[in-house]
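Consider the two complexes below, in which chain A is the common component and chain B and chain C are the respective partners.
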Partner chain A sequence: MGTTDNYALKTESFSIGSFLRQFVKTKGSVVIFIILWILASLFVQNFFSLNNMLLIIKQAAIPMIACLGITVVLMTGGIDLSLGYTLGLCSISVGIFVKSMGLPIWISIFLTLCIGLLVGLFNGILVQYVKVPAFITTLGSGYIIFGLAQIISSGSDINRLPAAFRAIGVTEFAGLNTTVFIAFGICLIMYYLLHLSTFGRALSAFGYNNKTARMSGIRTERINVLAYMISSFLVAIAAILLTIRVNCAQPTMGGGIYTFEVITGAIIGGASLFGGVGTVIGSVFGILIVKVIENCINLMNVSYYTYQAFQGIVILLAIIFENVKNRKL
Partner chain B sequence: MKPAKIKKKYVVYTLITVIFLIVSTFIPGFLSVRNILNIIRQSSIIAICACGMTMVIIIKGIDLSVTGVLSFCAMVNGLLLLQGWPIPIAMLAGLLVGTLLGIFNGFMVDRLGIPAFITTLVVGNVGGGLALLLNSGRSIGGFPNAYVFMGNGTFLGIPVSNYIMALFVVVSSIIMAKTRLGVYIYAMGGNETVVKQQGISTTAINFFVYGFSGFCIAMAGILLSGQLDTVHPTQGEPYQLDAIAACVIGGVSMLGGEGKIYYSLIGALIIGVQRNILNLLGIHPFYQNIFIGIIIIVIVAVNIYKKNRAIELSKVF
Partner chain C sequence: MSKTILEMRNITKFIFDSFGHAVRGSNVRILDSVDFDVKEAEVHVLIGENGAGKSTLMKVLGGIIPQDGGIMKLDGAEVCFSGPRESLHHGIGFIHQELNLCLNLDVAENIYLGRELGGKLFTNKTEMYSRASTMLARLGFDIDPHTLVSELSTAQQQIVEIVKVLSYDCRIIIMDEPTASLTSNEIDKLFQIIKDLQKQGISIIYISHRFEELKEIGDRITVLRDGKYVGTVPIEEFEYDKIINMMVGRKLGAMFQSQHTPLEETILEISGMKIATHTDPIDLSVKKGEVVGLSGLVGAGRTELAKSIFGSRTYYGGKIIYDGKEIGHQHPAELISKGLVYLSEDRKLEGLVLEMSIASNITLASLPRMYPTTKIQRQRERKVASESVNSLNIVSNSLNQLCNTLSGGNQQKVVLAKWLLTKPKLLILDEPTRGIDVNAKGEIYKIIDRLASEGVGILMISSELPEIIGMSDRIYVMRNGTISAHLTDRKDFIQEKILSYTLG
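Showing the complex of A and B:
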């Protein structure tokens, strides 16, 4: 067929080459992950073992939840720098609810999730309605949240949480624990939300060009606010699971470093800082890449400080790569 | 708009005077010359950072690398001093490192089009990581007396730090108010496209502004290490928020094109005073941060809201 009639649809022949190129373009993080995995298995001692694989998955589960959250925010073209501090606030909150106030477990969890939603609402309203740039809003709110966490905790941690509460996240199951399955469930839900629902499409449209999205009838105000609420909601979930995992509710949990790690994962996974771009699979593998690197650093006995400096360079490369790739489009 | 601006200034000054008077009744010696000079000395770090930050915010950028660059430059400087290098050379090395990191920021923002907040955030993190790495997370201290004099000594009764701060402020103000470069910087904050079309190199302006910011942060770090006679790898942390807050309080607009170095200096002094008072009252810095965070959000929100309203009202359709 292949006629050159301008008004006819060009029939594109399916080829392995074009499929691969498309795959790398959108799911580059999967490719990088596979390459990294192969290299690590070959060159890093003790990497290639079932235990290590399970460990990586268990370690990646919780940041993955937060990463999916920030992917949503990144897709709107914004950022959430208060992520790590919200983690601390939710962590100490659930500790206070469960231990100090002795509330039933599910009520505690519900209240903590509400706190997450409120933080997101606060951020979202400031960004959307008051039009304060996202990085200033979340930078300021991050400090405010950190201070709040310090105040309600009087600066101290809460240890030894009730066993029934811990059981939610720590119960072992075929080598993995319930936390991993919860994370997996959230991945599925987010996949539906971002890729199979109209919300996802509206989100993407809003991220690419919010004026056009608005003119198309998409309720951009709601989407922007909802994005921040979803992100903080997921951070609250991550906080609860992390609190369970370390058996300690800390107001200082997370912090700037955690924010950074999660954003690194999202950006390596292909979420663009300018908005519009973001995939669940990309972010999942982005976090896995970050955790694999961390795992290798540990196995190779490299100093943690080297890793911290190195992490920044990795994200810089990822951003540069993203930018250069987008320019070519 | 003019009447409203004048009112705001006078309100702020009266408020400050009132607060000073109230505090001085509770804390004896608060209004003494020595204490005030001391407050200025402590604020000088913030003020120097604010000089560079003002310019960056004016061109609609941001510099989130204060924490890392401050610590890293201080660490470089400190380590060289302990190795016996002469003071001026060690300081020059620290300043050079900061300036280079700043220029790198400018490069990423201008040539690669990467948003300033993430570039500077990452560079700050890398700097912080390097500061930790250089000495395995340990602090260093015990610097030569001449060096500590810079941070703590006085000359004609006024701390040396204040002179350094004054130098930075004066030089920055001259650049912004009296040179063509200053005009270009304001212009770029107002409308970058027009500046480019005029044939002015926005690349050079970006490089200068971010580089100068890095230079200021480096100097702040060096001065801080002189004041404390130690370099701790994470000592830059509080100054990130304070530098931005100083500029914001000083009336620098996040939307670009507006702001004066002198006002940022006042903003820095206000922050310094406020921290001083809260410290004397025994309030932990963590709690102080809530206050500053709220101030930043409120001031920026009001500022942007007013600007947007002005734009909306001036629209024809």
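Showing the complex of A and C:
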């Protein structure tokens, strides 16, 4: 035992320099967020106020849930391009359940979450067992899901949802609504799952090296399918909360743009498109960065198209930064 | 003797990351004032343990990484390479241990990659293929230049690499363990090529771990140890013990230990299993506490047999009985939990997650057993990992060190540590000492012996006959996908005899 302790002491020397370097390396998005926040506070009118800050957090809460989902998929080395369409399908589904069919709220929610899980199972099975690249699988399944959402809704939205159902997401506490608290709770659960549990370790090993992971006794097949299920499950939660927020169930909710925004957040947060890497803190701040930029663009009265172009630039910069970081730091 | 064409003086290199940049705040020297020279038309052998700095020195010479100190002179003129291409244009060709060929291109396209014959717009294919086939024929190889490289065997791919380097009119060719994946036939051929090249005035720098080879083709031997230059000996003064001494810096005792005695109980029994539809059935057994050697050529089906047992490959018919129960095509996870584990021959692809830490790798196969509640306990992980690191003598900076920064021997020990932590009852080892230095080899033999005395059954696949002979209680020889001999008497454990069964 003595030697063990010495070993640990000898190797864990601590210095502020190495701590900062480690921090920038692992929590790059936190650093970018702080810099962005300071810059926006200085140069963008009306940015620096408590109300605006709360607004950004409220706006970020729902995509944050989806972003944590996609982070899990990115960690496997895959991608889920059907994310935005799943959002639409789940939105119209919950609308139909809770209003058109008049089912009890909790049953409506339960069924919607099941739809999310089924979509994930479908994607996961295709990727794992049919060996279709995730990119193609989810592009294809995305269009199926989109079509399905249109069919079951006959292309129309469902407005004015029951107040009791809406209360789940819009009840306010301390200036924030329940949606924010739900998102926070999901962050905690995902933090445990990705960083403190054997699942996260296995997921990471699978993303880095599928063969080694399998031969080390990790049920890689299961993990791969599960990753897509977790992602779609979280998207279903996001869909319910978004439907409540806009008070309207729409089959066209989400879409490709939403997928892109969520993936941007995860990539800025340091998740790697090559698998293995992904953190909850990174993705949370990644989506906050996206939302701060969106907020600034709104405040500066720039058109939404400029924002989209800007988002593209940001995702490229994030990837360049990722490469530079790996080489230099 | 002939004139010196290359001189390297006081080459120093600090520890660097995967991009060749020095690691900040560290002054660990991988190369410490190393001297090295090459004469015209000689085969200069470079040996040393893993991590001794051989590869690093050659990377400096090949222009892959810059040196931090010292000078290089080519024909008396000081040179400095900014990249592999520049080194190549100075006539220095590098054949890496891990081959760098594009598998989706054919042989000629690989040889002329990046400098295709012809004008700017169109390549002159006819010329390219005819030149390539001339070169291949001149070396006595019957390979069609239209063949896709992915369809060639590793040995043939190596030949393509050699031809590629030769087509650059190189004067110095660096070969980093060229025989690691060759069969003995192919090795003979390679040596013939080396001798031909020598006659043409080309110098070879030859890195290898196999002593028998050195005596056969080397002119001089330079030994490196811990990044330092130890000495250079002409081949006439070659003595096994002396070189070992220079390499490890101390006398090496008996490398092979055998203090275990096999028990009566059988742990693994294979009957009538076929590894492919057209091969003959295999019968094989391993007792508890027994070391069973599995010899044979690369491609004889040894790895396929091991992977069939370990559920990573389908097999055809037959039964595998492990610990009294028949096991079918089971997932490795189930087999590991039952105590059957397999150490793969390819530690980088199938043994380690290189991007993860030592501690994570060691505990990777024991996650369900160590943390039944699924919550990872860091303290427990550190304790368990550091015990492994200490008991297997893994040299590292910290438990958090990533495995891609470890030397081959230490990487192998990490994989071994991972499997030992699962408390195996049957351990299948596939080339456990490949690409590992003498010191680490000895340690691994000790571990194998210790496990056997604890009652663990061991099936050891190896291409090195001294290792098979020194360690095994029984030996199976494989050829053409099936068992060609089963040696139970120690008197039969003779290199020539085993070889004869290997070659048929």
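In this text, the second predicted complex is superposed on the first by the 310 of 329 C-alpha atoms of A that agree within 3 Å, B and C clash if a C-alpha of one lies under 4 Å from a C-alpha of the other, contacts with A are read in each partner's own complex, and residues count from 1 in each chain.
In this section, contacts are C-beta pairs under 8 Å (C-beta built on N, C-alpha and C of every residue); 3 or more make two chains touch, one makes a residue touch a chain.
Keep in mind that this is a model prediction, so the values were computed, not measured.
Chemist: Looking at the overlay, does A:F199 come into contact with chain B only (first), chain C only (second), both, or neither?
Modeler: A:F199 sits against chain C, while chain B stays out of touch.
Chemist: Among the partners chain B and chain C, which is in contact with a greater number of residues of chain A?
Modeler: Higher number of touched chain A residues: B.
Chemist: According to the stated criteria, A:I16 is in contact with first (chain B), second (chain C), both, or neither; which is it?
Modeler: Touch status of A:I16: no partner.
Chemist: If we overlay the two complexes on their shared chain A, which of chain B and chain C does A:A163 touch? Say first, second, both or neither.
Modeler: The answer is neither, since A:A163 touches no partner chain.
Chemist: Touch test for A:N209: chain B only (first), chain C only (second), both, or neither?
Modeler: The second partner, chain C, only.
Chemist: Taking the superposition on A as described, I'd like to know which of chain B and chain C A:K131 touches: first, second, both or neither.
Modeler: First partner only.
Chemist: Quick check on the superposed pair: does A:I315 touch chain B, chain C, both, or neither? Answer first, second, both or neither.
Modeler: Only chain B; A:I315 stays clear of chain C.
Chemist: Quick one: is A:L273 in contact with chain B, with chain C, with both, or with neither? Answer first, second, both or neither.
Modeler: first
Chemist: Mind working out whether A:T306 is in touch with chain B, chain C, both or neither, as first, second, both or neither?
Modeler: In the superposition, A:T306 touches chain B alone.
Chemist: Enumerate the contact residues on chain B facing chain A in the complex.
Modeler: Residue positions touching the partner: 62, 64, 108, 112-115, 117-119, 121-123, 125-126, 128-130, 132-133, 136-137, 241, 244, 254, 284, 286-290, 292-294, 296-297, 300-301, 304-305, 308.
Chemist: Which stretch or stretches of chain A touch chain B in the complex?
Modeler: The contact residues of chain A facing chain B are 79, 81, 126, 130-133, 135-137, 139-144, 146-148, 150-151, 155, 260, 273-274, 303, 305-313, 315-316, 319-320, 323-324.
Chemist: Taking the touch rule as given, give the residues of chain C at its contact with chain A in the complex, in rising order.
Modeler: For chain C paired with chain A, touching residues are 19, 21, 25, 310, 312, 331-333, 335-337, 342, 344, 349-356, 360, 364-365, 367-368, 371, 374-376, 382-383, 386-387, 389-390, 397-400, 418, 422.
Chemist: Would you mind writing out the residues of chain A in touch with chain C in their complex?
Modeler: 3-4, 7-8, 11-12, 17-18, 192, 196-199, 201-202, 204-205, 208-209, 211-219, 276, 327-328
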